[in-house]
Each structure stands twice: as C-alpha cells, then as structure tokens.
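One structure is given below, encoded as structure tokens.
Chain IDs A, B and C follow the sequence of writing; residue 1 opens each chain.
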Amino acid sequence: MSYLYPRLIGGRAQQLFDEFAAVPSPNDLVDRARTHDDSAVYVATGGARVPVEKLSALSTAVRDLAREHGFPHKAQRAGEFDVALARLLHRSMEVMPAEAAAREMWAFLSLVLLPDVAYWRFPAPPGDRVMHTDITRHVFGRLWWRADLIHDLAREDPYEVLEILGEADFDQVYSRRKQIGASPTIVRNLIRVWSELRENGELALVNDRQAFRNTLMVLNRVVPFLSLNALDDHALVGELRRIARQAIGRMQS
Amino acid sequence: MSRIAYPYLRPASSTVDAQPWRLLLGEEEVELPESLDGWDYNLDLRLRREVQVDGEAIREQCRLPAGAPLALSVVWYSTGSGLRGRSAFERLDGRGYATHHLDLTIAGAEVGGVLSIDTLLVVPEALAEVDALAPHRAGSMLWEHRSEIRLQGGASQFPIAVVDFGPSTLPDTAAWHLEVSGSMDSAAMGSLLLLVNERNKAVAEAFSRAGKPRQADSLVLSAVYADVARTMVEHALSREDFVDDANYGEETLGALMLDVFRQMFGARTIKDVRLRMQDSPSLMATEMQAAVGIFGGDS
Amino acid sequence: MTGIAFMTRPGWDSQAYPPEGASAAEGIRSQLGRPSLDLLTVLVREAAQNSWDARSDEPGSNVRFGLDLHTVGPAHAHAWRSLLLEGGPRNADNFPLRKSLNATSIRVLAVSDRGTKGLGGPTRADVVTDERRDFITFVRNVGEPRDTELGGGTYGFGKGIFFMLSRPHTVLIHTRAQFEGRLQTRLIGSSLAHSFTESSATGDTRYTGRHWWGRKVDGVVEPLVDNEAEAMIDRLGLQRFAPDESGTTVVVIDPELDDGMSEAEEVGTYLAETIMWQLWPKMLPRYDGRPIMLFDVTVDGQRYEVPDPETTLPINMFVEAYRRMNGPGARAIETKRPRRLLGRLGLNDTWVPPWKLTRAAQTAGFDKDLVHHICLMRAAELVVTYEAGIEPAAELKGYAGVFRADSSLDDTFARAEPPTHDAWNPDSLPFEEKTYVRGVFRRLREIQKELAGLQVSVRSDGQNVALGAASNYFSRLMRGSTGFGGGTALIGGGRGSAGVPALAGAPSDAGGTDAGGSADGGSAAVTSGSSWNGGPGPTGDRPLRRVRIRVEYTGEPFLTRRNEQTVLVQEFRLPPGRDIALQGVLSIAVSMDGSGRETDGADLPRVLGWTRPDKTFEERGTPTVDSDGEGTWQLVIQPVQDTMTVVDVRAEGAA
C-alpha cells in the first residue's frame, strides 16, 4: 500500500513562502500548520489519498523529533536530526518514488503541514529549501531521497548507511544524481566499497572527503561507456573498487 | 561537429539485431507504443523482445578471446521518479549466433513520466589479459538501443479510488459515490473524488477494465459517466455562488463545474437551467442523458 | 521650572533606564504576541476576562462590563490637552500622546467594569503586604503570574491589549477599590511607548519608553486619589463612581479601529456581536446562582444591544449544547492509556435554519452559514475557539458542540494557550500533558467525522487497482485541470510535476548517430558537398581575415596501435584551399548520457599529429596546410585511458 500526498501548486507555495518570510520565529508558525490546504491537489489515481490522521501522526512525529533537537530554539546537532528525520520520513510516509519525485508534494509538507519545523531547520530559508523548486535542496525531500537511495533491506538496520555517509558526501552523490545517484544499486554498492576501503586502512593517507569527491569524478568519466547498472553486484563492486582505488592512487602519486 | 570515441573496439552494428519491444496488457500483446494512456503507479510494465546476437563476430571484431563472456542487459531510467534500474540480465557465455528472449517487468511504483528502456550488450565482468584495444572492464557497452515510452504527461484525469463501502458510512450496496467538497474557489483536483465500491463487482470490474472494456463494462462506465456528470451539474446548481457572471480562477472547482455545465447545456444561462431544474427536474435529467451521449448516444 | 509646576499640577514622569537595566516599553507591549484575532476582539476577550476575575465577593452581585467609544466633547478637550501633556517629553516621536491629543478631535474608548473589586492594595511595587496587589499588578508589574484560581488568564499579559489598541500606547486608569478599610478612588496615567534617548546639557539619558502620569512622591509617580482624582475626572469629562461602587475604568486614548469599520454603527454592532460570540457563556443565567456578566456597548452616545445568546442563531445551538454538557447527556472525553477524564462534551446535532454570517461570526472562525463546530472552553468558561469539523453532508444539517476541559487539567490547558487564550497548542507542553490535549482533539475529530456522515470512506485504503484508464474515461469532466496522471496529452505550459528532464542525446550507438552533436555535423557536409567554401560567413561589418572551413568526417573515430601505443584516429576530408589552419579540439565525455564535457585538468587527450593524404605525418599540433580537395586526412590522438574522447576537427582558411 502506498499513499498519494497532497501537492501544493506553485502559486500557493509562493504565497505562503512570502507570508512566512515575515514571521520572526518558527514557534509562530506552529499555528500556521495545517493538514489541509484548499489549493492542494492529488494525483488522479494510483493509490489512496493519505488520510488526515496519517498526516497528523506524521507531523506530530516530526515535531517531537524537532523538539528533541532544540525546537523552537536554535537547532542542535542538525546533522543528527537530519539522519533521524530521513529514517522517519522514509519509514513512515509510505510513498512511492515516482510520487516522492513530485516537488509539489514536498512543498505541501514544508509549507502547510510542518512550516514550523521547516523554518526552524532552515531559518529564513531560500526558496529551494521549502518550495517546489528543487528536491535535492528541499528540507524534507532531500532526506527522503537520501534514505531511499541508500536503504538496503539486506542490512540488519536498512538505514545504517545514513550514518556512514555524511551530508556533504551525500550532496556530492545527490548532485550527480542523474548520472550516478539515480541508481540506488550504484549508490549502495559505492557506499559498501567506501566503508570497506576505510576499514582496510586504504583511506588512511588521504583526505577522506577529497578522495570521495575524486572517486565521483572518475566515476563520472567512465559511466558514458560503462553501464554499471547492467552489472550484477559482484562485478559492480569490483568496478567501483577499481574506480575508487584509481582516484585514491592519483592523490598519493 | 564533434565525434565521440569509445576507449575500446566496438563491433559493427550488424552483429546485433533486435525486434521491437512488445508490451503485455492483460492477455494482449502490442508493440511498445510511444505513450501509454491510462497508466498509473499500480500498472507494472511487462515487456518482451527478441534479440539476435552474433557472439562470434562480436568477439572477433573486439579482439576478445573466443570464450569471453557477454551479456544482454536492460536498464531503464524514469524521468518521473528520477530512478534508474536493471530489469533483465542474460549471459551469453561462449555462444555463437543465437536468438535471446528478453522478458521483464518494470514495477510501476518506481517509474513515471517518460521511461527510457535501454537494451545493452555488455562485458559482464572484468577481463584480464586481453588485447589492449579490447573492451575489458565490467560494464563496457558494445551495443545499445534505446526505446522510450511516455507514461505521464499533463492531461487531465478524473480522481477515482476503489474502496470498500462496507466500513464506511456510505450504503454498503451502493455502487459509486461522487464526493464533492470545498468551495467554488478550491482546487478542482483536490475537491472531487469518485469513490467506487469494490463490493459491487460489476462496477468495480468495469473500472479496472476501462482500458479494454467488454461490452458490459462499457455500458456500466457510460451509465456512471452520465450519473457523475449529472451529479456535478446538480451540485453546481444547488450552490448559490454558481452564477452566470461569476469569475472562477483557473483549475478551481467553479471553473470545472462551469465547463461541465457548458458541455451539457452549451450557451444556455445558469439562471435559465436552474429554473428549468425546479420546474421539470425529470426532463432535465433526460436532457443531460442526451448531452453526455449515454450508451453511445445514437446507437 | 518644571519642578515647580510639578508640585502644583500632576504630570508625566518618564522612566529612565536604571543602571541594572529594565524592560523596554515595546518589549512589554509585545508580550501578547501578534494576535491572530483583530485587536477589538482581543480587547473584548481579555478585558472581560480581567473583569470577570476581579468580580466582587458579595453574593448576588453581577459583573457589569461596558464599552464606551466616544469623542471627548469640546468642553473638555482643552483640559485633556493642557493637563495630560504636562511633564511629558517634548518630542512627539518620543511621546506619541502629543500627536493624539493635539489632533482635531480626541477619540477614547472607556472599558469599564462594575461589581468588581477595583484595583486595590498598595500603589508602590516595593511595599510588602498580605493584601491583594491588584493595583501594582495592573499598573506597575508586568507579566506576573495570575493567582486567581481557575482564572481565565495565566499571566498578567491581558492588559497589554489596552496599550496595543491605543495609537499612542497610552491609557488612563480610573479605579475605586477597598484600601485600608474604605473605598478609595485612584486615577493614574500609563504609557508604554518606545524607548528613546534624550540629550541635554548634562549628557544623554536613555529612557525605557514607560511613562506614568500622576503625582510624584519620593521619586515615584503615585495616582491621584479621592477628591483630587474626582476633581480631575470631572475636568476631563469622565464618569465618576457612585459612592458605594467599586470597579475600574480603563480609558484607551485614540484607539485604533479596523480600517474596514469607519461607521460608528458598524463598530457598535461589531462590538455587541463580538461580545455575544466570544462571551456568551458568561451571559447565561446560572442555575447555581453564580453571578453573570451584563454588557453595555455605547458608540457616540448610541447604545447597541448585545444580542441574546439564547435566542440568536446559531449561538442558541451552542447554548443548548452547553446545557447538555452540564446535564446527563454529556459525553465524557477520556484517554485510554492512562485512563483519564479530559473533559465533557455536549452536542446538539440538528437542522440549522439559515442565519446571517456576520463579521463577528467570521472573526469567531465561521466562514459560511454552516454550523459544524465545537466550542472549546476551560473551567473559566470563556470561549477559546470554535473548532470546525468536516462540512456536513447535507446543507441544512449541522451540529454545535461545547467541550469543557476537566478542572483537574485546567492548568495543562491554560498552558497550552497562547497569550491571547484563543487556541490550545499541545506542542508547547511536556510530553504527558501533550497527550491529554492531543487526546481531546483526536476524540473530537472522530466525533465530528461521525457527525458529518463521512466517517470511513476517506479512511479506507484504496485498492491497488490500476484506474488510469477509467480516469481518462472521465477526463472530459475534468477538462482544464492539469493532471499529474497518466493521460499523455500535453497541455500547453502544463507543469511537469516530476521535473527531471528527459535524457539528452544518448551515447552514440551502433546506428552511428552523432552523439554529442547537432545538425551541423559532418554528415550534413556530405550531402552539400559542393559548397566547400560555404562556411558561415562573418555577419559583422568588418571583414574577418579568416573563416571557418567545413570539415567532412569520414567514419567514426577508431582506435589503433601506432608505435606500440594506443591511438585514436579520426579521418576527414578538406576542401581545396591554401594556408588552412588545422586544430583538434579534444575533451572527455562525462556523465551517464555522455552529454558532459571535461575540458581541463592534467590528463586530457592530446593531438599527436596529422597524417596527410599522401601518408606523410605532420607532428605539429596546429599545422597550416594546403589542400587540393582530394584524399583523406587523419587526426591522430593520444586518448586518456578509460575515457571517452570527444573529437572536433576545426579548419580555418583565408577569407
């Protein structure tokens, strides 16, 4: 079972964004939070509309989590909050990837359902963080996708990897989403390779983050002629390991 | 003006021959269309195609050893979900010229928008000690072919959900219910929902077969269509703010109601129709049947 | 000079910042937050609540609450200007009362209560006493917790609304209360304007923006009392207290009314109706003999009757629900774990005759003439808000409900209220208490759903049936609404919901299309081979010395071995010409669709040289050659291992 979420269309998103710009504190947005907006729409078919109880439960859970991290005061341990929120959203929303790719849906979450939390996480946010313009920057959308791309049902904790890959690294992957990140298989195996290299001490002599960035650059060079998606996991891991080592080797030479 | 060069030898295109993709819809099989009207997330895509590969010629032209592994793989990418995935993988170890049958399913839940489906001939694993010009890395593409199908676009769709009326407050034995909520200024897509009772087999089946209806299904759909249209008009007329000179914003319930009204009554005024409705409701119901062309109209 | 005048006449004293600091006036004013209700409504609610909490202990005495909006008569206006500006800062920016009193007419709103205790107790905040400290709390202290049991407010913020409503943020407080065994009349002015700095010969002084008007004794402004107060009341044209009366009148100077309400009649009607919508529980005769509130609204001398809640639609529905809540038909609202009574609900599920949606009703949260609301209140029985449920299925069907939180949880619900007491926000509470408040909303929502007759259909999970085709079948009824669905007719300007653009050109496949390229690729030159010199000419006025010459590629670039080295070769033909400059522009294709280009960095492909049609090798990277138009040329490239090389041969000749 998966749900269809309301989508906040552009004009209304802009309107709310403009209104909220004048609100001094996220606490003042608690009253603006709603489970419904008159101008929200649903995709016509393909599942059940999310019941209002589920929306309230979701907002309650997110709000509780925010409170644990300092809401309404300055966010504490924002990275930790993001990881926990990524788990929460991915586990509880019951939404399909194609539905989750709808940017308007995320705008509904940030501007109607949870404006207080959104504006607390990113005070005075640029539009991308809360509107329907860019999922890769959206306060909630980017986290769901982060969880979706790395979650691995083969692991005891399917979201374990969220903790391995930091936000900056993930942004690297995500900004190359179309090239490589679009494939959960590649992302998952790349992370597997990366933690393996780290355990083997192969990253000891280099700047971890720079090495990761270089690996992505090398990867970017081979994907035009190597279809990594066509491979089974064994061959894929082999290729990814080779790519990573090539990048690391170049840094040491 | 630029050309792109692979870092290894590639075979001539004549070494691979692929028949068009076939799409399985229920019992039927059609050539993959450019677009698929009526697709939604619940519809998985079942695809088949045959591919002839001349393994021997390929290995020779690429300077691969005679027993080098090759594989056919299908990789898709969806603009709707932004996801990429693999749906088929078949190794062609050691074979010469042969026909391969690809048969795969792409989960509807993972796709949307435009779906590209790439059929690829690849080197499936890294090869050691081959000619310097030969493809040797796992995943090296030797041949590829892309097909595309548009699953979603911008067309209007009527919101429908099949639900069990049993636990609801709607009568158990009713067949459908049009839920209209919100003001004339609320978004149409959020204000209308046609609920179909799954307990009512005749109607529930007609809706699930609407893409390929049997005659009985067509009659049911036509009846529901006429009833929904009438319900919408009656709802609109019952609202005081549904008037001739109202100015509804785009994509609002009001604009939608007005459009349906115009489809039914052409240039007649709302005021006039509202009066007629009070005077002779049964005649108006009949007029609306005619306007929607119930059961195919003139048939 | 000021000092002498001050001894004989009362005047203003501005609070300078003490060395240890103090709150700025604007900070105190903003304690109410930014109310979502309009200021008049907040005033009615808060002032009535204050009055109710100050009700007299005498049995059987009702609270009389009055609102009197009027213009100070010409006979008294001069007294206001001469007496009430005395001693205040000269600069009207620092002391906005100057502007208000010097306007052609002086508007005031007198908010009065009688049958109340008045503001008694000591007048100085530094006095220790066991007596009530009402005067100090109201006039001197800010934000003190209220000690009245089960009172309506939780903090003494309610008075902030008087200052917010006044344009110059100034009020006169006229009160009569028991003090040292007898009734004492007091009059004092108070202003909460803006903090400011004033320069003088002795240096700059910073002021908090708080000012008091009265008589300065031992460095503190004291109220005028008894005879002196009453004489001043007469000179200002205000209403004296009767000899045995106690209570308080707060005179809001130059009140700010909503822009929409210019007519006196509009204001009067709005105030009267707002009192009914917001305070009706206080107006009902009580079976237990507790006092009730009587209301009086006057605007410019004209009285406006507050409608009777028992006979006025749709409040009479709520009155009935309220009675049911207090009777045996009440529903107990409980939590299951832990099992606890949260409050009682009375419901009145009925047909609703048409009623007029007034401005006051809209303020109360009604947006149509439908009633599907539950009125929330605490033990103090002031309306917190009207919680709307789903619209009823049938037009004339409706229900009114009243929910009162159990008094054992009064404190919890009080703390869930914002300073304006018009909502319950569970989020601000500790966990356990949060569950109580949420529990109330959850149960009420369930009940409201039942009442709307829509309980389950929305909740039932949709079956996983592919309905796209059916939906398209109905799409004619949905024209003009941009879908997100499967129908693929593209509407002009339709918004793509998914937003990921289709892939750009695929990497070159076996069909040999030009992967990175556009229409002006080499193959085009084959078909228009005669136009050898047909390169695009310069478009500027000034003739350029060199022009681009079209190169005809012959076949795809291919890999081969040359001198033990892997090289990439691109073959091409040149038109006849002299002094043709050749250049190989190389880059690396990146990204999965091969559309990206990497053009800098240490390891880029490089030109090894050129092979002429006569098979001689030219090692220069950018040679200038002559061509007779015959034969095939070759660009020889050293590629970077395991990358895709993007090759572009450029040729320029003399114009």
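FYI, contacts are C-beta pairs under 8 Å (C-beta built on N, C-alpha and C of every residue); 3 or more make two chains touch, one makes a residue touch a chain.
Keep in mind that what you see is a predicted model, and the values were worked out from it rather than measured.
Enquirer: Following contacts chain by chain, what is the lowest number of steps it takes to reach chain B starting at chain A?
Expert: 1
Enquirer: Using the touch rule stated at the top, which two chains are linked by the largest number of C-beta contacts?
Expert: Of all chain pairs, the one joined by the most C-beta contacts is B-C.
Enquirer: Report back the single chain whose CA centre is most distant from the CA centre of chain B.
Expert: Relative to chain B, the chain whose C-alpha centre sits farthest away is C.
Enquirer: Cα centroid separation between chain A and chain C, in whole Å?
Expert: Computed from C-alpha means, the inter-chain centre distance equals 27 Å.
Enquirer: Between chain B and chain C, what distance separates the C-alpha centroids? Give it in angstrom.
Expert: Here the centre of chain C sits 41 Å away from the centre of chain B.
Enquirer: Out of chain B, which residues touch more than one other chain, so two or more?
Expert: 4, 6-8, 40, 42, 77, 80-82, 112-113, 118, 137, 141, 144, 156-161, 163, 187-189
Enquirer: In chain C, which residues are in touch with two or more of the other chains?
Expert: Where chain C meets two or more other chains at a single residue, that happens at 459-462, 464, 466-468, 470-471, 478, 481, 483-486, 495, 497-498, 500, 507, 589, 594, 642-644.
Enquirer: Quick one: which residues in chain A touch 2 or more of the other chains?
Expert: Residues 9, 41-49, 98, 101, 178, 182, 222, 224-225 of chain A each touch two or more of the other chains.
Enquirer: For chain B, which residues count as touching chain A in their complex?
Expert: Touching chain A from chain B are residues 4, 6-8, 40-42, 71, 73, 75, 77-78, 80-86, 89, 109-113, 118, 120, 122, 124-126, 137-141, 144, 156-161, 163, 182-183, 185-190, 193.
Enquirer: Within the complex, which stretch of chain C touches chain A?
Expert: Residues of chain C touching chain A: 33-34, 36, 418, 423, 425, 427-428, 438, 458-462, 464, 466-468, 470-471, 478, 481, 483-486, 495, 497-500, 507, 588-594, 596, 598, 642-644.
Enquirer: What part of chain C is in contact with chain B in the complex they form?
Expert: Per the touch definition, chain C meets chain B at residues 391, 395, 450, 453-457, 459-491, 494-498, 500-503, 506-512, 514-517, 520-522, 551, 553, 556-561, 566, 568, 570, 585, 589, 594, 637, 639, 641-650.
Enquirer: Can you list the chain B residues touching chain C in their complex?
Expert: 1-13, 16, 35-40, 42-43, 77, 79-82, 108, 112-114, 116, 118, 132-133, 137, 141, 143-146, 148, 150-165, 167-170, 177, 179, 181, 187-189, 192, 194-195, 198, 204, 206-212, 221, 225, 228-229, 232, 238, 250-251, 255-256, 259-260, 263
Enquirer: List the residues on chain A that touch chain C in their complex, please.
Expert: 1, 7, 9-10, 28, 30-31, 41-49, 51-53, 60, 63, 67, 98, 101-104, 116, 135, 176, 178-180, 182, 220-225
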